[in-house]
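Chain nomenclature is as follows: A, B and C, assigned in order of appearance, with residue numbering initiated at 1 for each chain independently.
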Amino acid sequence: MSTTTKDKPQAQEPVPRAITSVGDRVFAGLTLGASLLILAALASVFIFLFAKGLPGFNRAAEVYGPRADSFLGYVAPLLGGTVIAAIIALIIAVPLAWGIALVISHYAPKFIAVPVAYLVDLLAAVPSVVFGLWGVIVLAPKMVPAFDFLNSYFAWIPIFDGDVSNSGRTIITAGVVLAIMILPIITAITREVFSRTPRLNQEAALALGATRWEMMRLTVFPYGRSGMVSAAMLGLGRALGETMAVAMVLSLGGWSGNLLGPGNSSIAANIASKYKERSEDLLSVLIASGLVLFLLTFLVNFAARWIVGRAERKMAGA
Amino acid sequence: MSADLTKTPTETPDESSEETATGTSRGAIPITAAQLPRLAPLLVAVVGAAVAAFFWLILDWPPVGSLIVGGIVYLLALPAWSLAVEGRRRATDRMMTGLVWTSAVIAMVPLVSLIYTVISKGAGVVNSEFLTYSLFATQLDQPPGIYHAIMGTLIITLGAAIISIPIGVLAAIYLVEYGKRNRLARMVTFLVDVMTGIPSIVAGLFAFALFTLLFGAGFQGGIGGSVALSLLMIPIVVRATEEMLRLVPDDLREAAYALGTPKWRTITKVVLPTTIGGIITGVTLSIARVIGETAPLLLIAGLAAKTNTNPFDGAMTTLPVQIYSFNSRQETIDLAWGAALVLIVIVLALNLVARLIGKFYAPKTGN
Amino acid sequence: MAKSIDVSDLNIYYGDFLAVQGVNMTIRARAVTAFIGPSGCGKSTFLRSLNRMHEVIPGARVEGKVVVDGQSLYGSTVDPVAVRRQIGMVFQRPNPFPTMSIYDNVLAGNRLNAKRMKKGEADSIVEKSLRGANLWNEVKDRLGKPGMGLSGGQQQRLCIARAIAVEPQVLLMDEPCSALDPISTSAIEDLIHELKSDYTIVIVTHNMQQAARVSDETGFFNLKATGEPGQLVEFNPTKKMFSNPDDPATEAYISGRFG
């Protein structure tokens, strides 16, 4: 914009130039306005959520009932459910995503790699409510034998001790559904960094007499390490914020300590199922819990980007 | 090195040379090595399948469990055989190859199961009545339908697109063409990052808080859903557009400036047209992304049985919310599958359109 | 011991496309053999077929025979991984592993074969290889620093050190100086002179002066015609090649009439 205003004093400028410089200023103003609007939108999101949510941190004890009497007591079990479900999802999704990424980028011939990549992208397009539906109706009953197995042989681990849900609607099932949902984003980023490994480095490894796997370990993994980590973190951020799949699979109630039982619901799922009560008090509590969730996902995403940025700076500096 | 030169080339190759790091054996390491037959993986796969069949048919295990046992047999037997014949390095390589392929196959299972279930359970439900009637019964024998939800989805998503696309595209133009990494541009970039991380339920809470404040506690309406979806859609549009604009080489801009074209005309007549395909692709994908959103709409757009085409007045059902609602009652679960099929078809169609546009507009010299 | 290589009737294909046709030659042990020719004539492809590196490109295959020390490279029981360990390679652009230190770069190949290596043993391999690559004096005080921090010429010598650390029989060099400045190029050429007492060296170069300076024998590759496969036009001692070539096409290329 400053460049266009500088043009003005030059008297020898032909007349049409003055007209176009108006166009320039209008257009630049529009784009600037759009950017400022984004700023304003985000600011208003924060202001609103804080204004509406702050009272929720400190309501009368009975608002948090029946299980808790303070905000911390209310949100902590839900936070637990949120984090545990996301971690289960991550444990399942990350190795699978690395495997698929390798298949697409290095192992499969092109006529397999392209359709596989397309199918994984397809997975990303499926709406979360459909995943939830599939999780409840198809997956959950199939999980029951596995839960019985875990309960019979691994009950000495406290998280597998206790009542086994006979519907299969447990946090593990929710975690599996979440894993499938975050698989595409982790795969997409990981496969991108894998395929960006310099060809020359890979050939150098092979020319030293490395097997294919050794070539991966010498070049592909070190080169893509930060991308692999940040992909997992972005997947974690997604899993933490996902609402419907968890809300549909799990019944209400926060973290119970038993992975095989009912409950273990998450913050997002709790909001989705409680908002209907339409009490001003409870609403402020829900918004406050939403703020906690937002803070958590923000930190995770921020960490992911920081890792990527640091790696980029390192590569550029070398 | 001189020590090596004294070795005679006829020195017998040392079997252990593979495990020693120094090149004492610079004489003649054989380049041939014991290898498994070419069909070894297939052979072991057959064994694995036989084991799976044994567990399934004879021991009466559940099919999934038997398959897992068979898979483990395959994953262990091939490297073990290779270790005995070819040595540690080849065995590791074979094992990792097996694991990598296995993970890809495993990941395909839920996708196939999901698509299969949605189609097999949904196809019987979807018919012309299902698509053209709403749930609001005006006659006693009226079949249930999701017309109201389809309309709601289209209207709310259209509203979100009307809000998001101009803001997103213009902001991206600012970031790439005007901002040039100044403080505001860096801040917007950062905030767009923050926005991509907003959990959808939080976007819904915001719209809920905003509209109940403005229009009273009981407010429900499609416009609230559009606003909530915009919060999720804008960052995707900005990102996609930004990426596309950065692909336009600076030579092109300079060539236009050199012809005396003002900056805004350069952008609208040169930069945008060269990259319009990519931008449309990105925008279409962002629509596909938000059209399946459920949580924010559950909060603010509500649920109604009647078709409502006015986003400013009254509850407006969308397909995802309708699916959620169908799912919560045992007798309507079949309808949920039908609605899920319709939703998936819409999303996939959008994805397909996005890809076709991308392909159609792709620079011809790209290959 | 350095080994000689016998190539007979070698055809190299990418899928259905015949890239190089009918090559016959004997590459002498402990000598430098240079391949020259216009770009796209298949000299690099041929070089890569000498340690089965061309297989990295999907669809690539060969017909014919390459025999090193009595063993055919393309026999059915031959392990390409073992071949590449015996026949090292240096590439067009320096390609040290970006995440590794200088020290680890040199040892990368050795570590593939030996999981555990004594510290003293490893140190001596690193020093010997870096001395062999004329790099020791320049980097001995910063062996722990990343290999990417070196200059282009130093990086290329690091790659040579990495290749000779596994003590191969043959060293293949694919235009090793094409990305380097004249001073670094001359350092590499000096190094090639020293290395030939221990290794059979095959070098592809687009620079005829370089071929004349470093090589004992030279092969001239050319396309039969546009769209036809590349072939070996002439293979002779370098002196003869540059003073009195047999083939008129060689003379035309050397005197700069095309290419």
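Here, a residue touches a chain if its C-beta (ideal position, glycine included) is under 8 Å from a C-beta of that chain, and two chains touch if they have at least 3 such contacts.
Everything numeric here is computed off the predicted structure, so don't read it as measured data.
Ranked by how far their CA centres sit from the centre of chain C, the chains are topped by A. No other pair of chains has as many C-beta pairs in contact as A-B.
When each chain is reduced to the mean of its CA atoms, the one lying nearest the mean of all protein CA atoms is B. Distance between chain centres (mean CA atoms), chain A to chain C: 48 Å. Chain centres here are Cα means. That of chain A falls 12 Å from that of chain B.
Once the centre of each chain is set as its mean CA position, chain B and chain C turn out to be 44 Å apart. Chain A has residues 211, 214 in contact with two or more other chains. Multi-chain contact residues of chain C (touching two or more other chains) are listed as 81-82, 85-86, 112-113, 166.
Contact of a single residue of chain B with at least two other chains is seen at positions 89-90. By the touch criterion stated above, chain C contacts chain A in their complex at residues 51, 53, 56, 58, 81-82, 84-86, 88-89, 91-93, 95-100, 108-109, 112-113, 146, 148-149, 159, 162-163, 166.
Put simply, chain A touches chain C in their complex at residues 109-110, 198, 200-211, 214, 218-219, 222-223, 225, 315, 318. Those residues of chain A that touch chain B in the shared complex are 1, 3-4, 17, 20-21, 23-24, 26-28, 30-35, 37-39, 41-42, 44-45, 48-49, 52, 95-100, 102-103, 107-108, 116, 119-123, 125-134, 136-139, 142, 145, 180, 183, 187, 211-214, 216, 237, 240-244, 247-248, 268, 271-272, 275, 278, 280, 286-287, 290-291, 293-294, 297-298, 300-302, 305. Against chain A, in their complex, chain B makes its touches with residues 62, 64-65, 89-90, 92-93, 96-97, 99-104, 106-108, 110-111, 113-114, 117-118, 166-171, 173-175, 177-179, 184-185, 187-188, 191-203, 205-206, 208-210, 213, 217-218, 231, 234, 238, 262-265, 267-268, 288, 291-295, 298-299, 320, 323-324, 327, 333, 336-337, 340, 343-344, 347-348, 351. Per the touch definition, chain C reaches chain B in the complex via residues 1, 68-69, 71, 73, 75, 77-79, 81-83, 85-86, 110-114, 117, 121-122, 124-125, 128, 132, 166-167, 169, 198.
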